[in-house]
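First the structure, in the form of structure tokens, and then the observations on it.
Chains: A, B and C, in written order; residue numbering restarts at 1 for each.
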Amino acid sequence: MTRYTRRTRRTLQVTGVGVAALLALSACSSGSDSSSKKDSSSASKDSAKKVTGTVTVFAAASLKESFTTLGKDFEKAHPGTKVTFSFGGSDTLAASITGGAPADVFAAASPKTMAIVTDKKDAATAPSTFVRNQLEIATLPGNPDKVASLKDLTKSGLKVVLCDKTVPCGAAAQKALDASKLKLTPVSYEQDVKSALTKVELKEADAAVVYKTDVKAAGSKVEGVEFPESANAINDYPIALLKDAPNAEAAKEFIALVQSVEGQEVLTAAGFLKP
Amino acid sequence: MTELDKSGAAAEVLTGGDTRGAGPRRPRARPGARGRGVPLPLLVPALVGLAFLLLPLIALLVRAPWRTLPDQLTSPEVWQALQLSLICATAATAVSLVLGVPLAWLLARTEFPGRGFVRALVTLPLVLPPVVGGVALLLALGRNGVVGQLLDSWFGITLPFTTAGVVVAESFVAMPFLVISVEGTLRAADPRFEEAATTLGASRFTAFRRVTLPLIMPGIAAGAVLAWARALGEFGATITFAGNFPGRTQTMPLAVYLALQNDPAAALALSLVLLAVSIAVLAGLRDRWMTAS
Amino acid sequence: MTHIDHVSGGLPADDIRADGLDAHLVVDRGTFCLDVALRAAPGDVVALLGPNGAGKTTALRALAGLTPLTDGHLCLDGATLDRMAPESRPVGVVFQDYLLFPHLSALDNVAFGPRCHGVSKAEAREQAAKWLDRMGLADHHGAKPRRLSGGQAQRVAVARALATHPRLLLLDEPLAALDARTRLDVRAQLRRHLADFEAVAVLVTHDPLDAMVLADRLVVIEHGRVVQEGAPADIARHPRTDYIAQLVGLNLYKGQADGHVVRVDSGPDVATSEELSGPAFVAFPPSAVTLYRDRPTGASARNLWRCQVAGLETHGDQIRADLTGELALAADLTTVAAAELNLHPGAPVWATVKATQTHAYPA
């Protein structure tokens, strides 16, 4: 645990109070330092308005649908460009970026995973939060168990799955449960949010605490139930230009698109919250 | 059937190659034969291969958090997970033996249409990604599965999220190793011993039980060890089918994986424990067979 | 080659007996077809003799039920065994390499059969012990098969087969796995045990000596068919195929008899002491042949043929010469005689056989 405490302390010094809430949420956060700022300014010096070539985007799996749409929009707006994606678990993507994978943009599902990249000074710009994701209860279609609140999940006989506390959605759910002083014994602590959702989709579990976007993506296979306590546990998605970006100019334009009004429309349609 | 050969070879390595019993009188390896020169084209790749297998394990030992190790290991969660792992792996091995040995016999000793295809199907769990295997098990034996819903409505049995579910998932993944190993031994064993038994009045089952089974015991033991080791390390199918709950379905590999997410040091410590226990058990079993036969 | 009708061969066709073996074994495997009739009375020891690949072992497996019959029938003591599973047949088998169960002691190997027939463990072991004692293996009850010598293992195998009190005992090359010295002893012992055995015994061998010592009756099989059957002495004296003639060491020819002469098919005449007419065999041993370097003058022998040495080989303390020419034959002579005649491959010789040393019989 010593490594984490150290990292947290340094991050606190750098980013200050604004991200304190996020830190509490995931024990780690995004960081920025002078070197990455310098890189970004030198990169912007020889920037040209016209962008071409391929942009490589590493993005969290939950962004797959919305980013694919945005990629097509980008290619349409900038003829001659091509956006290629690598979707996966944020920690896996972060590991391959620090391992030298040639990517332009990293969009992570948590500040903690983004911190892996910024800690290694692999980001060119300071990460900025572009969307947020809120928890929701996924129940069987039609909500046969009449789940209406987080408290309802503690009913005996109800099979509930949570994400493990070691992964972001599990930590967030635990935070929400603690905030409402509820004690919930699930049948399983799943290794990631998709596994938790799959258990409900296959009707093995009656309910799961997952992200809103996941419920939305699952369509009619599950039914989402919002709960007020989720306000206590909202996850931020940071995005950053990478230091060794092969196509920094186009990458900047892509990040701009994600943060633009039209980009935010696509993302909120998928269930994300505005930052 | 190179797949079979490979696994058969693996089985022999684990048991020190002592899969005798196929023939009545096969001479043991003479100790003098070892001293002679080993050809370089064999020696070099062999050593590289050995290094390749051992290096990650050595790295694990080098980077292990030895100072904090005592703290990690005294936590009750670790012992809980270890205990569960050992119980489930052993139970899965037992299930594999009870179902897998007869299956191996069927494949090796009987003729039926599509036997080659069935044999390929048996090895399917070997190539199937374990997570997919877990999903398939959910679709079959889950609360809403093809067979599972009958189990639920008739007997009130649901397997997912239970310790029994862990055993089911581990058996699914581990049994092919046993079947392949035992089938290989059966094919190598002389089927005429069974014929001799039937001419003495033994039914086919009696011949199997009293003649074939003792003859192929080394192969069964090798297969059981392979199955046990595979079950002990099983992760994907288990977490997918049985979920992850400490004390009930959280085996060591699951604990290791989840610890890896935010506490790699703890994950390393857990891995070391799993490794140490596996080596102790495998070495112990091997010695017993060597002296027994 | 003659083909003996299997129904009329050996035993009269009208002799319908309830006891003993009455089998017509037909096993068709496409490339190979076995079609053999076998009959034997209780106490008979029948040897199936034939070259490798003749179908002897297939016949034995068919009798044991290990290979299913394609056609024909199999009756033992009046009961039909055709469709009976091998474990239900009152048949005991001594396999060629014995197939003693390597994980069981000699005693437990022998007790295995009685145990399968529902005898209690203690009782089965007691019976097994008696069998082993009778076989002279009193000191080897606890020995695992790998600790037994070839001869001992063979006796355990016989004891194991007899322990189930079979009505048909089958022995597949029972002496083939033994070295020459052991073989002599074991053959004598086996002969005693077979003589004591009250039911039918069928043994398969390619060794004529084993067959003649152990069996009351020989059935010679070639290419899946019976080519000759009868008492060992009769077959030894009257071989009907080249294979048998070679086995028993005779020169054999087939031809047309006319009085004291047999006209060998596409060959010379052979004078014989017997008087016959019609198709006939004529046979004489190689030792009956006398060789000369030059044409003998005033020879009383009417059988005189001009030949050439094709090959020479030592045969015990004798030299056997293979001759070609007017009549292909084998001749035995002493080493001294061979040297005096200056025999070498290609050398021309005259061969004579006295008519009194030939033997003619109807084909």
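Assume a residue touches a chain if its C-beta (ideal position, glycine included) is under 8 Å from a C-beta of that chain, and two chains touch if they have at least 3 such contacts.
Just so you know, these numbers come straight off a predicted model, no measurement behind them.
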Based on mean C-alpha positions, I'd like to know which chain lies farthest from chain C. A
Chain nearest the overall C-alpha centroid of the shown protein atoms: B
With centres defined as the mean C-alpha position, give me the chain A-chain B separation in Å. 39
Note: chain C sits from chain A at a C-alpha centroid distance in Å of 88
Once you find the CA centre of chain B and the CA centre of chain C, what distance in Å lies between them? 53
Note: in the complex, chain B contacts chain A through residues 135, 138-139, 142-144, 160-161, 239-240, 242-246, 249-250, 254, 257-259, 261-263, 265
In the complex of these two chains, what residues of chain A are touching chain B? 1, 3-4, 27, 91, 159, 161, 164, 166-167, 186-191, 195, 198-199, 202-205
Listed in rising order, chain C residues that touch chain B in their complex are 64-66, 85-89, 91-93, 95, 99-103, 112-113, 116-117, 145-146, 160-161, 164
Give every residue of chain B touching chain C within the complex, in rising order. 21, 24-25, 190, 192-193, 195-204, 206-207, 210-211, 214-215
